[in-house]
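By letter and in written order, the chains are A, B and C; residue numbering begins at 1 in each of them.
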Amino acid sequence: MKIGLEVHVALPTKSKLFCACSTDATEPNSSICPICMGFPGSKPMLNRAALDYASNVSRTLGCMPAQMVSFVRKVYFYPDLPKSYQITQLQEPVGVDGSVEISSKKVKIRRIQLEEDPAKIIRESGYTLMDFNRSGIPLLEIVTEPDIASEEELREFLGELRSILYYVGINIEKELKVDLNISLSKARVEVKNVTGIRNLVDAANYEIKRQTELTSKGKEVVQETRSYNEAEVRTESSREKESDEEYGFIFEPDLTSYKLPSSNAKVVLASKVAREYSRKYGAKEKTILELIQFDRESYALMDHAKDKAEMQKIIAVIELLKKYESTGIGNEKFEELLEIAKSGAQINAELIKKVKSGQRVETSSVNLQSIDKEITTMIKNHKELLKEYEKNPKAFNFIVGEVAAKLKANPRDVAIRLRAVLEKGFKD
Amino acid sequence: MEDSDFDRLLKVCRLRLGAQERKRMEADITEIIGYFNTIDNAKVDDLEPSYHPTKISGKLREDKVRPFENPDQLLKGTKTHRFYVVGPDL
Amino acid sequence: MPTTKPNPKFAEELSKLNKKLNFMSVINSSANGKSLFSVKDNLCVKGFESRAGSKILSGYIPPFNATAVQRMLDSGYEFVGKTVMDEFGFGSFGTNTDIVAKNPFDETRVAGGSSSGAAVATAVIKNHVAIAESTGGSISNPASFCGVVGFTPTYGTISRYGLIDYANSLDKVGVMGRRAADIRAAFDRIKGADNYDSTCSDSKISSTPTKKLMIIEQLMKGIDSKVLSSFDLLLSKMQGMGYKVEHASLDIIDKAIPAYYIISMAEASTNLAKYDGYKYGEQGKDFTKKYNDFFCDARSSFGIEAKRRIVLGTFVRSASVKDKYYIKALKFRTALTSKLSSILKDSFLISPTMPTVAPKIDEAAGLSLIKAYSMDSLTIPPNLSGLPHISFPCGYANGMPIGAQLISSHFNDYALLDFVESWEKSFKYEFKYNL
């Protein structure tokens, strides 16, 4: 079995691909203009941010860096296509020859192209309704080779691709539109416009079953385009559409060739990171991947790990943060939380809230107030140490040692409090 | 051009012609394609195509939202229903 | 800017003459006759029907101004009306549309095309410039037939935003006037980069003069003898003014016409795909029809020439023959542009603008398609290569004006205006009407 995908990803630009209309609108036809409506006389003007995103994705998927990109007109007639041609790419797309690595193989990426979304079309009985808010939203089409051979690989590939896109700032949880090419033997069947991962897997499974049954009955699988019926969980033979012969691609003469901006995106491959951390710190690869696949913050927090034990604590704290749906904790507060966790204290929603809001947290048998009091005394008595602390971290450890010894307190607790007091002191 | 090819071409263009018009059109098209064939022997194959006659610098638009100033005028000549544009059946 | 005292009866007089000569589809009734500009019907003017001479765009009232129109208004010119044209610019005589403009010198003759109305308006209104557009000669041709100056600048010099497209890589907004100075004034106000047209540049426009006039031999075939003798007279006058006239041979120039039609039709067939009867212009009524039937119904409103160009344009860009026609024509453009540019390095190219004076309306209708397409043999080369060119009256034969065309290198547009301004010092243009 061979599955190839054409994944359509909406880019999170503020304005549309070729006009200044907002990409964020709710009321139908409230974010439209002569350009995205294709009015006679209007002309497109390419959005720089869309090109930047495209370049970042191209680089992250390991594509050959394109020198120049240009656009073509793909002509076909459908009520949702305002100009009756779509501005898309052919000869000079934003990227070719990339790949996405999954556990069993590399899924090759044939090409990545930038194009405009048609309008949203709603079929009513006896007419259609169009919302042109969607017309002109920038889409990136990512075309794979038919390298996917099972449902597991399909799921893993989609997870991996979504994670990669997430790390270049494109979250496609909702708007994943895919054309699926699937062939068990010779004939290639294309299932168009499947929305969402769940539907995609269902559509693939349906096609596998359908084609297997046909073959086992000695019938031929027809090479054709089908559509997915979500309600009935099946694919259906679909309308006759233009062929490649008839699209009659021509260079888009209202635009020109553009130099592809060099990408400065940091390439983060979550699965690679998970594998690496797993090897380094002995934690479960799957656990790490789940935490960081679509979570930039958790990925950043894991950077704090110095050894196995600490990584375990970090993972525990991140899991707790996720459990209590607490995001945006920041590095310093996370450190604090980590110290509290290391002291063996129970972390719960209330405690997380306290730490986040900068409140005092009691973490040990020794009264925090007494620690604070002793610290304050120490600082008052050793004002020169305060100055030295700025230059010399050893002074910090000296005070921690003194206070901990005097109160028989956990040095970590003292360290946390001291840091807090000192920082407060600096601010004062 | 074969009759069936010509019909297919008209279909791709979304043009329907009456018998008379079709006949005239087919003759015209054949004549002009014959004329177009005269560029066949131009020795230009090793040249790059000029998509524009002059060099155009690739100007880009910054990603800023600017709503269109006359939104009410856009759908004036259009049949609408609950803010949607009405189109033909599928 | 041409100015004079306002004339309160101007719009009325204009309407009266328009009934006779059919050159405007829309008249701005508040126009009063001072520093006027008209706009070819394929350029959008906010609030005024703009249908590019096509029935299919009936009722299209653009909610925005074309950049050139906006810049004219911002400069204090007054909008006088929309000028008629061949449907979408498809024609050389102004006859491929429902309103056929008549030549002011002889009403039985065509005004030229496709900017027929723009040339007539220029020939009959005194304090006026026409904003027009040329794809393959649509400014030079009617300017020559109607005895006015028609200026087509370098491709991409004036924004095309708001231009209802014919062929985007060939379309150039330009200006017609009664004097080169009027054209220069308008050109200076509307040229320059635009944030709404990716192909419009801010390149510096030069005025590098030359005293060498070059004639391409192959272009001088088939020119009417009256036109030729008028042109020869021009050349001898120019020689008297110190110009050197030289001849060059350029074999490939014959193929400019098919190459031009291939590119222009390929692009046009995509531009015309959007007219399907439910967004703007003429509206379909029966939405219960399946979309392909609905579209076919709407598209039956195209005129026969538009239909021909859609079919031919769709054919030449079909995947299996695209290299043979569309790509080949684009490569030919590379060759032609390079050859012409090298000639233009140290000379102007000069020729008659049209091979004949304006033909009678029925004569034009009787021409075979290829004959009609070949009428623009002299104007197509500079248009295909995006070179600036200007047509100016150089003589009269039996009361009909004859035009000459001067071509210069890319962005040397001012040199053409300089040339014609100096010509106007020794040659007086004739006008039949002076509204």
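Throughout what follows, a contact is a pair of C-beta atoms (placed from the backbone, for glycine too) under 8 Å apart; a residue touches a chain by one contact, two chains touch by 3 or more.
Values in this document were obtained by computation on a predicted structure and should not be read as measured data.
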{"item": "Chain of greatest Cα-centre distance to chain B", "value": "A"}
{"item": "Chain occupying the middle, per Cα centroid", "value": "B"}
{"item": "Distance between the centres, which are taken as Cα means, of chain B and chain A, whole angstrom", "value": "38"}
{"item": "CA centroid of chain B to CA centroid of chain C, Å", "value": "21"}
{"item": "Intercentroid distance (Cα basis), chain C paired with chain A, Å", "value": "52"}
{"item": "Interface hub residues of chain A, defined as touching at least two other chains", "value": "34, 37, 39, 45-46, 77, 79, 126-128, 246, 248, 251, 253, 256"}
{"item": "Multi-chain contact sites of chain C, meaning residues that touch two or more partners", "value": "60, 63-64, 169, 195, 198-199, 269, 273, 276, 278-281, 287-288, 291-292, 295, 314, 318, 330"}
{"item": "Junction residues of chain B, two or more chains touched", "value": "12, 14, 49, 51-52, 56-59, 61, 68, 74, 85-90"}
{"item": "In the complex, chain A residues that touch chain C", "value": "34, 37-46, 73, 75, 77-79, 82-85, 126-128, 244-251, 253-256"}
{"item": "Residues of chain B touching chain C in the complex", "value": "9-10, 12-17, 21, 24-25, 28-29, 31-33, 35-36, 38-40, 42, 44-45, 47-54, 56-59, 61, 68, 70, 73-74, 76-79, 85-90"}
{"item": "Touching residues (chain side chain B, partner chain A) in the complex", "value": "12, 14, 49, 51-52, 56-68, 71, 74-75, 80-90"}
{"item": "Complex contacts: residues of chain A adjacent to chain B", "value": "13-15, 18, 20-22, 27-34, 37, 39, 45-51, 70, 77, 79-80, 119, 121-123, 126-132, 239, 242, 246, 248, 251, 253, 256-259"}
{"item": "Residues of chain C touching chain B in the complex", "value": "46, 59-61, 63-64, 154-156, 169-170, 193, 195, 198-199, 201, 252, 254-255, 258-259, 261-262, 269, 273, 276, 278-281, 283-284, 287-296, 299-300, 302, 304, 307-308, 310-312, 314-316, 318, 324-325, 327-335, 337, 369-370, 373, 384-387, 410"}
